[in-house]
Amino acid sequence: MSTAHVGHEAALGHDAHGDGHDHAAHPPHLRHHFDNSGQQESAAKLGMWIFLATELLMFSGLFLAYFVVRSNYPEMVLEAHERLDKILGAINTVVLIFSSLTMALAVRASQTNQRVQARWYLLVTILCAMTFMVVKYMEYSAKIEHGTLPGRFYAEHVQDLAAGVEGTLDRWYGGYQLFFGIYFAMTGLHGIHVLVGIGLIIWIMWKNEKGAYSSEYYTPVENVGLYWHLVDLIWIFLFPLLYLVK
Amino acid sequence: MTGLFFLADASGKGFWMPPAASEYAEHVDALFMFILVLSVLFFVLLMGLTGYFAVKYKASPTNTRSSPVSHNFKLEFLWSAIPTVLLVVIFAWGFRDFTSLSATPADALELRVVGQKWNWTVSYPKLDRECTSNSSAKGENVVDFYVPVDRPFTVQLSSQDVLHSFWIPAFRVKRDAVPNRYTGYTVTPTRPGIYPVFCAEYCGDSHSQMRGTVHVLTKEEWEKDFLGTDKCKLDPKAPDYKPKLFAKYGCNTCHSVAAGRAVIVGPGLHGIYGKEEPTSAGSVKVDDDYIRESIEYPSKKIVTGFEGKNMPSFKGRVTEQELAALIDYIKSLQ
Amino acid sequence: MTTTTLEEQIHGGHGAHPEEVDYLRAKRGIWSWMTTVDHKRIGVMYMVGTLLGFLVAGVLALIFRADLMTPDSELGRELYNKLFTLHGAIMVFIFIIPAIPAALGNFFLPLMLGTKDVAFPRLNLMSFYVWVLGLIVLLAAIIAGNLDTGWTFYTPYSIKSNADGSGNIAPLVLATTGAFILGFSSILTGVNFIVTVHKMRAPGMTWNRMPLFVWASYATAVIQVLATPVLAITLLLLMLENVFQIGIFNPAWGGDPVLFQHFFWFYSHPAVYIMILPAFGIISETISVHSKKHIFGYKAIALSSVAIAIISFLVWGHHMFVSGQSEFAAALFSFLTFAVAVPTAIKVFSWVATLYKGVITWNASMLYTLTFLFTFTIGGLTGIFLGALSVDIHFHDSYFVVAHFHYVMMGGTVIALLAGIHHWFPKMFGKMYNEGHARIGVILVFIGFNMTFFTQFMLGSQGMPRRYAEYDPVFQPYHVISSIGSFILGAGLLWTLVYLVMALKNGKKAPANPWGAASLEWATQSPPIEHNFHETPHVDTDPYNYPEIDRTAAKAHH
Amino acid sequence: MSADAKVYIKGRAADAHEAHHHVMPISTYLKVFGALMVLTVLTVVVSYLDLGPLALGVAMLVAVIKAAAVIGYFMHLKFDTRFHTFVFLSTLLFVAIFFTLTFFDLKTRDMMNQTWDSHAYARDAGLDQKPALRDTRPLTAEEIEHLKTHGHH
């Protein structure tokens, strides 16, 4: 086990836990401390599911914070989320679910030994993920410009044409900084997970190009797939709670 | 068994706890004694067995074979069921006494206690009294307040900045003071005397200096020494009412009033009325409105150079009449 | 490839192999240690690291224990607040959570399961480096200045940024990042252990033939995996509170500090079971081995570990009885707290029953185990006072609580760690320590510990609040006794370090199985070879069948 | 236990390739994707109707169905060893514990006080306008007026 592996994985942060891709005795991917590839694969899969459990629990803290703020200040949350762009949110949801589909097809392709097909599916997944981030960037820049930001950065310009009033809300008078604190925490943390996902998929694509994966050995592709589906899963709950719910 | 009697008697004389000075304290001591006796029984039983087995079955030329017994369902069932039953009893007893803290009889004396980084203020809303803390020789900020014996009083807690906790060990009562919320309890003192009060929730540098003393007075003392006198009372007509009011809310601990506008924590106030002051929201004329707003929302327009001083808001503590008096006082500092 | 049965391997039957090169000498040089993926070396590195943390935090405790001998504070209140915060943070995040699982757990889990290594060896090394990174970031927070919030970081005091954005938030943000990273190391260890226990047991080792230390480590790993992520999000939200003032926990902007306490204790109560469950595992091993008697109630102890792991997630509200939490929720948490006390009681009774009719050798490990029974029982019983609602109102945030959790954490986890170190020292380093020296250590630690912390029960019940730099002179006699006790305890622990390091250099060569134990880690040489076993061991009995057990009467009982 | 069985999984001898690879036809993936798209459109449309308190329930229901689809088919949980489903569901159990006990506290705060209602007390003492609570509710008419005259940028 050369040191390159250690540094390489540490740099990636939490990598896919199927780390069985070095070159011990026959078959090439089997690590020395496992008796056979069946045991190694099921170990890697279980490790990944447990890691997904920790991700779920981490995001559950954010969802609880959202529900607490919502139960303490219901009208404020309902009014504040009018300022979110439903259309951009919907587009992002479609893009992310589509990338989830292409990721699943990529795993299927590498399961059935079709390395070229896997490459294209992975490429489409990465492109969708990047579109997601671009749309997110557009949303965030719109918010920065309107001043609907968390905490003391909140200074929203109000133009209520009906009441013929104009002025700046800040957190002393009727500001919605609490909601946007939660909004940026949730979507920000989710965005970081999307970026890490993009990094992982690029790593998988690179390994796939070097011919590491086949129907004999595709655990890393499957584990990165599981991670990506979890990221999509969290967005499936984030989107209605933040953007839609009246 | 003599050990148990010793334990029971000792706690009476305050070996374990300060002598009980409230009804609630008597209930707590009773449950405490019940758990203590059970714990000592279990502990002596367990340690006796452990010591006895360790000595009796010590490895030796004669003792080289160990028993094959590795489980005994009846024993294991017993030593699970008995503790469970005892624990449920302890829970029920504890819960019953705990609820008495929340039951407020109609004739209860109302006390409003406000915690602030590092002193307590105890006020009697119905009697228009407010006891403020004064610092002792050792630098402790001690608030002396007075309650009649054998009459329930309700403590209504709130905090101006961080978490504090109003703990009276002699009454065995404690509750956190949480900013922007009202928490509290009701307790009935049963023994006249003077008992210490501590802040029990860590609140920063001088957490250990945030003290108080509760004076439990007999019926006559309460009528004569408290209601009769003007303890903790501020007489608006007295000539030095305004400076006393200024001190009552602790303004003097941060703002100087003498000429030269020395800076203690916040800006000096001598001669500022009518002047233009540079603030975080542009330059502002110091008029009645600005003084009122700075008392209620200190962080809105902070005089430049005093950011981060974190003056607490007095919104809701200073009455309208007191606000007017404070404004006149600052106006008079020429 | 014939698999010799456990019996033959233990007693050096014909299958015994000549001494191969052990894991310590298999590779040479610092670089081989820094890039090792051998679970044994990672365990040793963790042990050295965590014990260093213990030493530093212990010295801090002695410093402010000395200051507390007088009612006024010579250190000054601000420095005292910083010292007790560091003592708490280093002890909890750096020492006691990784100590047993990552040091002894990493070393002995694969050995006890009869496998070559943990499921993800490189992830194991990564968890060590994540721990080191977290340590460095926490040290940076200490250097950055006024971290005086206590290890609990209660808001709004831990929100150091003021309304206008000024305020020194660097120490707080660094400390929370450090704890965040250390939590990550804990998650990686947890994931590794769960997968190892599920997927890599030796042939024939069913769940009921696993040693109880493995059961305890499995339950600990489950808690680590399920609780630590919530700590991660709590610390992240606290960071956002300080940097952007989002206001969720800050009452000035509509937040709720009690909500922060819910978030914090949802992790921190299961965390105290992360600390104590591995200690239970060690005690189950040592008490059975050194009394040469099958552990009493194997199934009860194993299942109670898992039961504790689950129920520990239901009880966190008992830290908040006086915090302004709803009284009905307090009642529910108090009831559930008593539910979690029952499995712990079952364990203690089973251990005492194990001593019955045993062949007990009074070596250092057994003496520490008996000390554990003494101190942990006091810790457990005083927990009942704190679980009862009415009594806790008086005891909360007083020295009674300080005494309780030191009796459980130090009297429990640290004494069990010492019992484990003395039990497995020959296997880990291949050297025997001097039993006479060890006995002095046990006596010093026992006297020092009880003197220090038993007086604090009375301090607390008399009305001495926690975290007080200066106190009423009426409490001084208790504090003087407690401080003297802490110096004796410090001396005892230092002495233990000295004679163990001496034994490393010139201790006698340790045999494969000095205590005549029956679990798999003793079936290989001391210290073990890099791949642990010459051939995969085959298990056909549970790990508590000692030759001393009187089989003749056995038929009648089974 | 045959002596020469080299391979053991969880203490039982097993053949070399224990884990069989489950492969779904592409059509299943596309059907699941279609269902997800329909549900997404549905939840967006429903959000425009004014359902009041029901809105949260409906949105959550749709989200759970979508999540089940992703987990079951895309993540293969339906065809995977049952232990992985157990891990996933027990995680949800602990998330539920965290939510329910915290909300139990939030919803029953200050309920035990028999006669003393802290909110009533606060109201007649004129203290109910706590700075924080007042901040986060929408603007009143006179505040808008104040903004117009003093509108500060």
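Just so it is clear, A, B, C and D label the chains in written order, and each chain counts residues from 1 on its own.
In this section, contacts are C-beta pairs under 8 Å (C-beta built on N, C-alpha and C of every residue); 3 or more make two chains touch, one makes a residue touch a chain.
Everything quoted here is computed from the prediction, not taken from an experiment.
Visitor: Between B-D and A-D, which chain pair is linked by more C-beta pairs in contact?
Guide: It is A-D, judged by the count of C-beta pairs in contact.
Visitor: Taking the mean of each chain's Cα atoms, which chain ends up nearest the overall Cα mean?
Guide: When every chain is reduced to its C-alpha mean, the one closest to the whole-protein mean is C.
Visitor: Quick one: chain B and chain D, Cα centre-to-centre, how many Å?
Guide: The computed centroid separation for chain B versus chain D comes out at 39 Å.
Visitor: For chain A and chain D, let me know how many angstrom lie between their CA-based centres, rounded off.
Guide: So the centroids are 16 Å from each other.
Visitor: Nearest whole angstrom, what separates the Cα centre of chain C from the Cα centre of chain D?
Guide: 33
Visitor: For chain A and chain B, let me know how many angstrom lie between their CA-based centres, rounded off.
Guide: 46
Visitor: Where in chain C do residues touch two or more other chains at once?
Guide: Only 163-165, 198-199, 226, 230, 247, 251-256, 258-259, 324, 327, 536 qualify.
Visitor: In chain A, which residues are in touch with two or more of the other chains?
Guide: 35, 39, 42, 46, 50, 53, 56-57, 60-61, 64, 68, 72-73, 171-172, 178, in rising order.
Visitor: Provide the list of chain B residues touching at least two other chains, using ranges where the numbers run on.
Guide: Residues 99, 102, 180-181, 183, 297.
Visitor: Which of the chains touch, listed as pairs?
Guide: Those chain pairs satisfying the definition are A-C, A-D, B-C, B-D, C-D.
Visitor: Can you list the chain C residues touching chain A in their complex?
Guide: Residues 35, 37, 115-123, 125-126, 129, 163-165, 184, 187, 190-192, 194-195, 198-200, 225-226, 228-230, 232-234, 236-237, 240, 244-248, 253-256, 259, 263, 531, 536 of chain C touch chain A in their complex.
Visitor: Tell me, which parts of chain B touch chain D in their complex?
Guide: 99, 102-106, 108, 112, 125, 154, 156, 180-184, 186, 281-282, 297, 313, 315-316
Visitor: Touching chain A in the complex: which residues of chain D?
Guide: 6-9, 14, 16-19, 21, 23-24, 26, 29-30, 32-33, 36-37, 40, 43-44, 46-47, 50-52, 55-56, 59-60, 62-63, 66-67, 70-71, 73-75, 80-81, 83-84, 87-88, 90-92, 94-95, 98-99, 102-103, 106-107, 135-139, 143-144, 146-148, 151-153
Visitor: Quick check on the complex: what are the chain A residues that touch chain D?
Guide: 35-39, 41-42, 45-46, 49-50, 52-53, 56-57, 60-61, 64, 67-68, 71-73, 75-76, 79, 86, 90, 93-94, 97-98, 100-101, 103-105, 108, 111-112, 158, 160, 163, 165-169, 171-176, 178, 215, 225-226, 229-230, 232-233, 236-237, 240-241, 243-246
Visitor: In the complex of these two chains, what residues of chain A are touching chain C?
Guide: 1, 3, 5-6, 9-10, 14, 17, 19, 31-35, 39, 42-43, 46-47, 50-51, 53-62, 64-65, 68-69, 72-73, 149-153, 171, 177-178, 181-182, 184-185, 189
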